[in-house]
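Here it is, the structure, as structure tokens.
Chain lettering (A, B, C and D) follows the sequence in which the chains are written, and residue indices restart at 1 in each chain.
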Amino acid sequence: MEFWRRAANPWGQDVLIGIAWDLMWAAVIVGVVFVAGHALYVKLLTPKQQPEAQIDAGPSAAGIPERIVRHTGAARAFHWLMSVAMFVLLITAFFPVVGIQFPWVTIHWIAGLGLLLTVLYHIWHSIVKQDVWSMWIDMKELKEGTRELGRFLKRSGESRAKAGKYPLDHKLYHHAIAVVTTLAIVTGLLMMFRVDTPLWARNPYILSDQLWGVVYVVHGISGVALITLVMAHVYFAVRPEKWWITLSMINGFIGRKDYLEHHDPERWAVKDGTPTAVSGTPGSAPLREGIPQNKRSHH
Amino acid sequence: MAVMRDMIPAFELFQPASVEEAVALLDQHGDDSWVLAGGLDSFDWFKDRIKRPKAVVDLGGVERLRGIRSAEDGIEIGAMTTLTEVASHSDIRESYGLLAAAANQVATPQIRNQGTLGGNVSQDTRCWYYRSGWPCYRADGNICYASAPNAMNREHCIFGANRCVAVNQSDTAGALIALDAQMVVQNAKRERIISADDFFIGPGTDITRMTVLRPGDLLTAIRIPSTWAGADFFWEKVEDRKSWDFALVSVARTMRVTNGTIAQSRVVVNGVAPYPMRLDAVEAAVRGQPVSEETAQVGGEAAVRRAKTLRHNDYKVPLMRNLVRRALRGEAA
Amino acid sequence: MADVDLILDTEPRGVSRRSFIKGVIAAGAAVSSTGYLFRSSGAFAQAPAPGAVERLVTLSVNGQQRRVDVTPQETLAMTLRYKLGLTGTKLGCDRAECGACTVLIDGVPRYACSTLTQSVRGQQITSIEGLADANGRLHPVQRAVVEEGGFQCAFCAPGFIMSMVAMVENNPNPTREEAAHALSGNLCRCGDYNKILDSAMRAAQYARRRA
Amino acid sequence: MALIGQNIIPPDLVAKVTGRAKFAEDFRAEGMVFAKLLLSPMPHARVRSVDAAEALAMPGVLGILRADELPEVNPQSEAALTDEPLYEGEPVLAVAAVDETTAADAVERIKVDFEPLPFVLDPLQSLHPKGPNARTEGNYFFRSREGSEFRTHKWTEEDFAAAGEGRLPMGEPLSEWTVGDTDAGLADADLVLDETLVHQTLTHHPMEPRSAMAYWQNGKLYIHTSTQSTAQTQAGVARALDLEMDNVVLIGEYCGGGFGSKIRGSTIQVVPALLSRKIGRPVMLRITRYEESYIGRSRPGFQARVKMGFRSDGRATAIDLYIVEDGGAYGSGDFGTAGAVASLSYQPLNMRLRGVSLYTNTPPRSAQRGPGGAQIVGMLEPIIDKAARELGIDRLELRRINAPDNDGWVGPNRGALTSAYVREALDQGKEQFGWEEKSRLSGQRNGTKVTGVGIGLSPFVGGSSGYDGLVVLRPDGKLYIHQGIGNLGTHSIADTARAAADVLGLPWERCEVVWGDTSKHLPWTSIQAGSQTTHAHTRANHAAAMDARRKLQEIAARELGGSPRDYVTSGGNIHHRSNRSQRMTFGYAARRAIQLGGRYDGHELADDLNAMTVASAQALAGEGLIGAAKDTYSHEGGTWSFVVGFALVELDVETGHVDLKEYTAVADCGRVLHPRSLAAQLHGGGVQGMGIARSQKWVFDPKWGVSFAKRFYTARPPGILDVPLEMQWGAVGIPDPQTPVGAKGIGEPPVGAGSAAIASAISDALGGQCLCRTPLTTDVILAALEGREQPYGPLEIHV
């Protein structure tokens, strides 16, 4: 398989010019294998979980309202705007490669700027309006996480530890996509010097062609990585047992049942009907407002 | 790997006798194949050792691709008909003089004796950065050298730039669009009829090709409907040398005038965009207008609206405007 | 003999080989003159694909049948100059731009540098050497050129003369402008165009006399 | 003189029209193989390493030649191959293989590690305080008796600032001369014009590329090459390869154009010679058109500034000329001649020339037909028009007023002229072209076409002297005239030989010209450049024939009695002045000469002959009556020829396209040797000038320093449709008093005449607007017509 595209520059020097499109297919294959693998594994091998009734009764249910807001309107708007930008970017980037041809460049860079704006908004929002730390992964969580993975793989049905507002896998996914998207955006911004915009005329010579090669490769790699990540994201969003989360990204709240089943009040407390936590969604950098749960106590 | 720009690298040569054979060969060799018509564009690529097809399919032996026949409506010109035949054919001179005039101004007599109509419309651009074998967008690279600051782009485009700023330089392309020609394209699966207008594509659509033809496709014939037969034609090509040169700007115009006013017209300019540019706006602006200097002025201005120049090609704006004016004044071809 | 060995060494494996060798040995002339080009070029490395052209061909040059070994990518100018010893056909640019290599193919002037030899099998090829008759009497066009004091360096002359021959055939009564158009595929760097046109007009005059 | 002044059919013409004429690439040798060059992809680089293992392992590859295998050359001179290429396309190494395709494949498989070095394409850039230099050692070569070395020349920021937008800065020059007081001259002037001008660089592009084939036999080098000057090229090759002259046999019977680019053949011609010695096979190096555009030489471009002052009566009071010359990779000095030509054309009361010629990382320059002269007249003539308009004086008249005559002067030392009949030429042209009525057409509109009429006055050096002539009168009664000049197609091999025939009164059919092969024993000869041949070798052949005649007279007197002075030659006989029957045939005289031996048959030779002539004469000794003499005729002052070009053009104001309608060239080149050949020179040179004025160019990408005008269709030399359909010519025909035949050279001045006349006509069509650059292409003209910004900066070159 080819990894890079190289070429001889005008002086006959060998330079990188980008990733080989094989990598795009590789990303798709990885995505498909993961999705299919996971689906089969869950379907055939993981045991049934215990009936929900027990949960809903339990003392912990006391004072928990029917609906708990998980994502505010602002947060949801951001998520969907960003996902639109992301899909436009992926489509304009890769459809022409597979032979569906159309004038894609302008759409692509405008969508890129769109993505940048949503991400900037998100960073501002999460720092000013929310608790950045809610995305923090501490040792305890990691240990739990590894244990969870172990159980999942060992297929032992013991009841699992409950998460705070954001389960560990969501956090990990968020950080992964955050890094990849940042790389794509930064390199993308550099590449803006290669296109004419109302603001400036293109100048391909601001970097040496060797350096440009690196920029193109990084942009390409993050691009194909996004294919896999988005595939995984969409897959989980449509899995029946995750529906409650997906729905919460549409209508904003989760039910008490889901709350009790999946969340640990210790980590995500809900006081007299008003959730102390709002906003955010798995995978798109949701952050929790208020003080980190480990500093909390309620008696 | 040192650069060498001489001696054609080895290839396999196939000389099919029928379109079927030819198409089968192209299908069989896919991306490694190369269609050889007159070869005057191809040999440059081969001798420069930039394009190195493994299998060259020489269409010279395919009788069906040669010759000019009258079709039910208009005429059909085999893609392998030489430009000399096109330029000198009596029917074409009488009814479609625009095409004859354009074909007659391609390069030189020797080239017209060998170069074909199909080859002329399918020719690759002459952007000298691209032709130098540099890794530009059009060559699957990631840069356009010609539009860089200080680049030498006197002969590049003022319209239709999309990362690539090369121009289409075919003389006959404009005439064919103006005459509403149909291109007959054959491949292993099927035969398509494409209007000349859609035959040429810009870099936005596919930056590595000038036309819709993909590997495996064969342009077999060009049909000219009687729509414009015997209409009023105008052709002019402005070039630096009067032989063996490409148009800086060329204009092909068809027109039907009824009692002094322009009933119908088609105006196509080449050498200003990566594809021959049909000027719908101009056609609309002059429809129903009297043939006059005023109309010419209006059309000329409409033609160059939204032109975007590069460092060295500003002159193409007045040149194009003036040629369109001339075309609309109704001076003879 | 060295030439032959080289040819054998580098011949494609497979059916076509035997016939080729026979051919070469049969056509001794071809062998020694085949030397100069493509003798061990990449073309020999791979066996020709089914349907691909044969290497040993017969060309009709200046009225003679010449048997010659021709690679697929070989241009007519190279075949004439380096295999058939007809060096009157010049290479000025090898890019179909200057016309020094102009020859007549079935009477039509073409650039030999940009014509595949394989594509003119069975066609009548006329080069500058084929104009004067057997006992050296000059072609009327050549005579006209000589009488007008011809060219300067004359590297372009063979090409121009071939174009003139075609011109007087197609149009024995050209205006000076028509003559210029007929010769516009040939370049002269000495800039002797005026005298070249004088020669062309005189050549046309002779053609009319003959007709 | 019976033959001089008559048209003849050159002896080589039939071979040329039948394809039998063999040029360098037409020769074959048993076992001949092919060489191919590896060219530098960078405008300036150092070769770090070369890995040719893979290439050399290929079947059919015979060897490689590297730069370090060539004989040493001076640091500032050009070698055939180099490891520090100074321009894109400079040959780095050569590979030989059994066939050309293999050689090409082999070159492609060689891995060369180039280290890119700073480069510069424009001398003005190099003059900037922080500008790059074309060579690591500096940007020009300083020559002096004390010692020569590379140096760096820069101007100050102030110099550049002082010039102002679009004007040539005039910092410290590298060379300067003054006649009179230029500043005073300008002060006295009623009209002062101050213009900044650009002249492009352009490749010679002879039709025949500089291919060469070489092989060795018994220690002798046999080399087939394309050269303007046979004798001097043999010497050149011998020098370049450290060989004895007689170990070099040079065959160059035909030269497919040179125009100054093949004066002593070409630098590259040693490559096949050395490769052949290395691999022991004959080697053909076929040069491609691309390679020709790199190594084929070119005319240096100028960026210039001129201040010209005129009195109201039209007299030029002063010329203050500053020229920045683009010297290319190995330097050039055209600007000196340019200054001399300017002084000669307009005979200003005062003049100053300042010049800077710097290296740039562009292909090597050399003389090109009218070096310096063609550039400067093409640049200045439109300005003379401008002055005429402002002074209200007829443009032709203004030239007449300032034209030189026999008392004219040239250059810094106010050198004298052997003759100058410029006013006669102007007057003859005025009639022949019809200046009066044509100039009435100037500016007239016909539809979108406007007519322009122009004049170009172009002087150039018309000859040298002091070379040798060698003739042999054989027992067959024929005169064999040995010519060491090349055969460029100017017919000089025949035309200068006719001087000898006329001296002996021999009909042309009884004369044989021997040329083009040094094994045929040729005399020491001028280079065929600088329009020297006609002058130098009508003289040398005249001298040799006089020597032969003296010997004939002595033999006749000896045999038939009387004094040698009583005998005259005619029709192949020598007879007594008063008694025609007292005669002997040349054939008989030749046999007698052989019997007599000594000085008669070449066994004794004059001691002022050049060694080469001596060797040749000795080789011929005993084969007939030998006439061998050095040209010792008096030659006071500089010999200059003049051509005045007249042009009528039609300029399309909507497209900027220019049609060249009419051209007439009138020459002062002394006595006319061969009218039809002179016409070819006048028109041919004129056509090259038209190419300069209209289309021919160089283009480089500024970022990569790589050339794009390496194809004919991008370099754009004029085709047959780009020049007038019918051209006229004339000659004053007054013999030059300083040479026995009276003929002056005419190779160069026609070029400037053509270029200047067209430039002048175009500015006339533009209503007197001088665009002050060449070439005047559609884009430049249209921008001017439309009042839009010019596509290129006023000092921008290589566009």
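To be clear about the criterion, a residue touches a chain if its C-beta (ideal position, glycine included) is under 8 Å from a C-beta of that chain, and two chains touch if they have at least 3 such contacts.
For clarity, every value in this text was computed on a predicted model and none was experimentally measured.
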Pair sharing more residue contacts (C-beta pairs) when C-D is set against B-C: C-D
Chain centre separation (chain B, chain C; CA means) in Å: 30
Mean-CA-position distance for chain C and chain A (Å): 69
Geometric centre distance via CA averages, chain B-chain A, whole Å: 49
In chain B, residues with contacts to at least two other chains: 1-3, 6, 8-10, 132, 145, 148, 242-244
Multi-chain contact sites of chain C, meaning residues that touch two or more partners: 41-43, 94-95, 97, 181, 184, 186
Touching two or more other chains - residues of chain A: 10, 12, 205
Touch-based graph of the chains, sorted into line, ring, star, complete or other: other
Parts of chain D lying in touch with chain A, wherever the complex brings them together: 41-42, 114, 116, 701, 703-704, 706
Complex contact set, residues of chain A against chain B: 5, 7-10, 12, 15, 17-18, 101-105, 194-196, 201-205, 209, 212, 216
Contact set on chain C toward chain D in their complex: 2, 6, 9-10, 35-43, 81, 85-95, 97-98, 100, 127-129, 131-132, 138, 142, 145-158, 161, 176-177, 180-181, 183-184, 186-197
Touching residues on chain B, where the partner in the complex is chain D: 1-10, 49, 128-129, 132, 145, 148, 150-152, 154, 236, 238, 240-246, 248, 312-315, 317-319, 322-323, 325-326
Chain B contact footprint on chain D (complex, rising order): 36, 38-39, 41, 100-101, 103-105, 107-112, 288, 290, 448, 654-657, 695, 699-704, 706, 708, 712-714, 716, 718-722, 777-780, 782-783, 786, 788-789, 791-792, 799
